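Structures given as structure tokens follow.
Shared between the two complexes below is subunit A, which pairs with subunit B and subunit C, respectively.
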Partner chain A sequence: MDPLEVEFLAEKETVKIIPNFSLDKIYLIGGDLGPFNPGLPVDVPVWLALNLKQRQKCRIVPPEWMEVEKLEEIPFSMGLTKLLLTHASDNIPKADEIRTLVKDIWDTRIAKLRLSADSFIREQEAHAKLDNLTLMEINTIRTFLLDSLNCMYKLRSNLQQGSSKGQFSNY
Partner chain B sequence: MSDALSDCGSDASHDGGQEDVMTPAELIEKLEEAWLNEKFSPELLSNRSEVVECVMEQLTHMEANLQRVKKGDAKASIHRMEIDRIRFVLSSYLRSRLQKIERFFPHVLEKEKSRGEGEPSLLSPEEFAFAKEYHANTETYLKAVALKRMPPNLQTVELLKAVPEPCLDSFVFLRVKEPQENILVEPETDDQREYVVDLEEGSQHLMRYRTISPLVSSGAVQLI
Partner chain C sequence: MESQSYFPVQPGVGVEENFLSLDDILLTHERLPVRTECTFPRLGFLDKSSDSQDITEGTKMELPLWLSKGLYERKRRVLSVEMPKVYREGWRTVFTADPNVVDLHKMGPYYYGLGSQLLHFDSPENPDIAQALLQTFIGRFRRTMDSSQNAYNEDTSALVERLDSLEKRLFKSGQSGLNGFQSWEKGQAAQLTASSLVLNYRKRKMMDVQS
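The block that comes next holds the complex of A and B.
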């Protein structure tokens, strides 16, 4: 999956904004939004929040977990964090510190993930539980891991049966 | 604009759910689920034309309403953004199905031919027409560029054997929506034992598609 598609999915999450305009309730296909009143916080999907922010029509309230102390403890949405840091960093207190921290956490987690992927292939495992992986982490390792597994599988099944049916390896 | 889809809901309820009426929001969710499943499953999944048609209906309806709104209206621009997002998912979904049809066409057609009475069909009528045409065109092409110059005994090619099958042994990532017990995990080599795992709701797993393909069709797990 394209990383932009992971971002696309992250844009579905909701975030609180403080608008500086007023607008009646709006009935979208995906649900109702609003009403919008200047200064009153309201929940909207991230795609709308970012659009309004870019047009300087609102201030985004960073999610509670987006604080230096909390990021170290709990799992968080990488996609959303990246989006907010890129497009609304002026609304996030200590944005630079958070950016560095998030990058560090990401590097550590991806390094661990590579190790686990390596042992998964080495041990010829057939099942793994990965509750703590975020979509962006899965997507980072997906092509590499799945292609390797398919490749190993093909080599082994050739060895075992001496024949292989033509099967397509990628999806 | 946001009334429940009473006419569409009854179409969509045959996919195992008891819901008689689906709200537009639930409909969009169904489309997104179908999109991700199709994107990540190695084989072509059953068509969800009922969802596609309802979404199309919603979009046309909304677009017709927007025609009547003045330019520059703040609400209209938000509606347009939402429509664009839904259209993106819809076309990405349909495109990934077409790609699979092109890649596996002899097998897709074969599966469709051997389908029993009353079984849901793999392809929508339009996709079926596309697959047949693609099949015919490929045959004509192969004949024109190569086969007719071959010795007579080598002039036929069996596409069913020539075109690779989808690899159901591929691994997939999935999230569990309805808990499952005792899912058999088969090892690849003979010196390992097979074992069972329980899939708890909300948990995520990496395993072979073959093991869980019925659960994808029934909606008990979501590919991610």
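The block that comes next holds the complex of A and C.
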């Protein structure tokens, strides 16, 4: 999967906005939006929020976790963060700090992911449960991990074949 | 979007080789030390070291994998295949001690592929060889992963030169993941430079018109 596709999927997340216009409920195939009243916060998908923001029709309320104090170890979405930071950095307090923090968290989490991938391979486990990983994280390591698991599977089936052959000739 | 337009056939790695894979075809050219178990009449010209017309029983020679695989048969013993030295006991101990120090490109470059193919020839050491292959792969996995996921925008030839052809492939797929992510992260910056170029271009045009 392309990182851009991951970003596209992140746009389905909802975010709270405060519109400065009024509009009745709009009915779309993907769901109903609104109604919008000036000053009243509503939940909308990110793609709409960004669009309105770019036309200066709303103010985006940053998600609760997007604060310097809270960005410690909660699961977060890299794609969403990047979208909000690039398009609505004026609505987010301490955007620069958050950007650094998010990058730090990303690095730590990737290092952790690699560590667990290594132990996964080392112990020759057949399956693993990857909880709390964001799509973007999975996506960066996907091709590599899949290919190496494939190779390891083949080398392992060698092992079984070798030993079963040996047993067979003993009979 | 992924702009890959060429998907090479992947090598089979295991005991079964992939008929259409170029890597596997090259792999079958690897030479194995064999010992003939019967006389090959009138083929003496193949063995330049002897003058006799036939290849006599018990001659030691090197044959490519594809030929030895074809001639090898469990019941009619035509030839017996000896292990190349990297798969023998001595080297196996080296590999299990620390797989990271070995230059698999020099040893192979089809260390895993050839090793798996060797399992065709019944040898009492087969389970050990298979085990050694797997352990070597596992031992070297971390380094392959880390180097492929960290080396961004730099010369990777030093990193891959000691890798087996199989590991090189893994390295490449790791790099594709990393590059995709990095270019996405920088995506915004790249767009800005492009637009500024276009802007400059327009300005120059306007000045041309005015002068």
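List of remarks:
The rule is short, and it goes like this: the second predicted complex is superposed on the first by the 154 of 171 C-alpha atoms of A that agree within 3 Å, B and C clash if a C-alpha of one lies under 4 Å from a C-alpha of the other, contacts with A are read in each partner's own complex, and residues count from 1 in each chain.
Everything below uses one rule, namely that contacts are C-beta pairs under 8 Å (C-beta built on N, C-alpha and C of every residue); 3 or more make two chains touch, one makes a residue touch a chain.
The structure presented is a predicted model; accordingly, all values stated were derived computationally and were not measured.
Shared-chain residue A:Leu40: touches no atom of subunit B or subunit C.
Judged by the touch definition given at the top, the superposed model places A:Arg156 against both subunit B and subunit C.
In the superposition on chain A, contact of A:Phe8 is made with subunit B only, not with subunit C. In the overlay built on the shared chain, the residue A:Gln124 is in contact with subunit B and with subunit C. Legend: residue contacts after superposition of the two complexes on their common chain; A:Arg142 is shown touching both subunit B and subunit C. In the superposition on chain A, A:Ile29 contacts subunit B only, with no contact to subunit C. Comparing the two complexes, residues 124, 142, 156-157, 165-166, 169 of subunit A contact subunit B in one case and subunit C in the other.
Those residues of subunit A that touch subunit B in the complex are listed here as 1, 5, 8, 21, 23-24, 26-33, 47-48, 51, 120, 124, 126-131, 133, 135, 138, 142, 145-146, 149-150, 153, 156-157, 160, 165-169, 171.
Partner subunit C is touched in their complex by these residues of subunit A: 2-4, 7, 82, 86, 110, 114, 117-118, 121-122, 124, 136, 139-144, 147-148, 151-152, 154-159, 161-163, 165-166, 169. Those residues of subunit C whose C-beta lies close enough to touch subunit A in the complex are 1-2, 12-15, 112, 116, 119, 122, 124, 126-127, 129-131, 133-134, 137-138, 141-142, 144-146, 148-149, 166, 169-170, 173-174, 176-178, 180-181, 183-185, 187-188.
The residues of subunit B lying in touch with subunit A in their complex are 1-2, 24-25, 27-28, 39-42, 58-59, 62, 74-75, 78-79, 81-83, 85-86, 88, 92, 103-104, 161, 163-173, 185-190, 192, 197, 202-208, 224.
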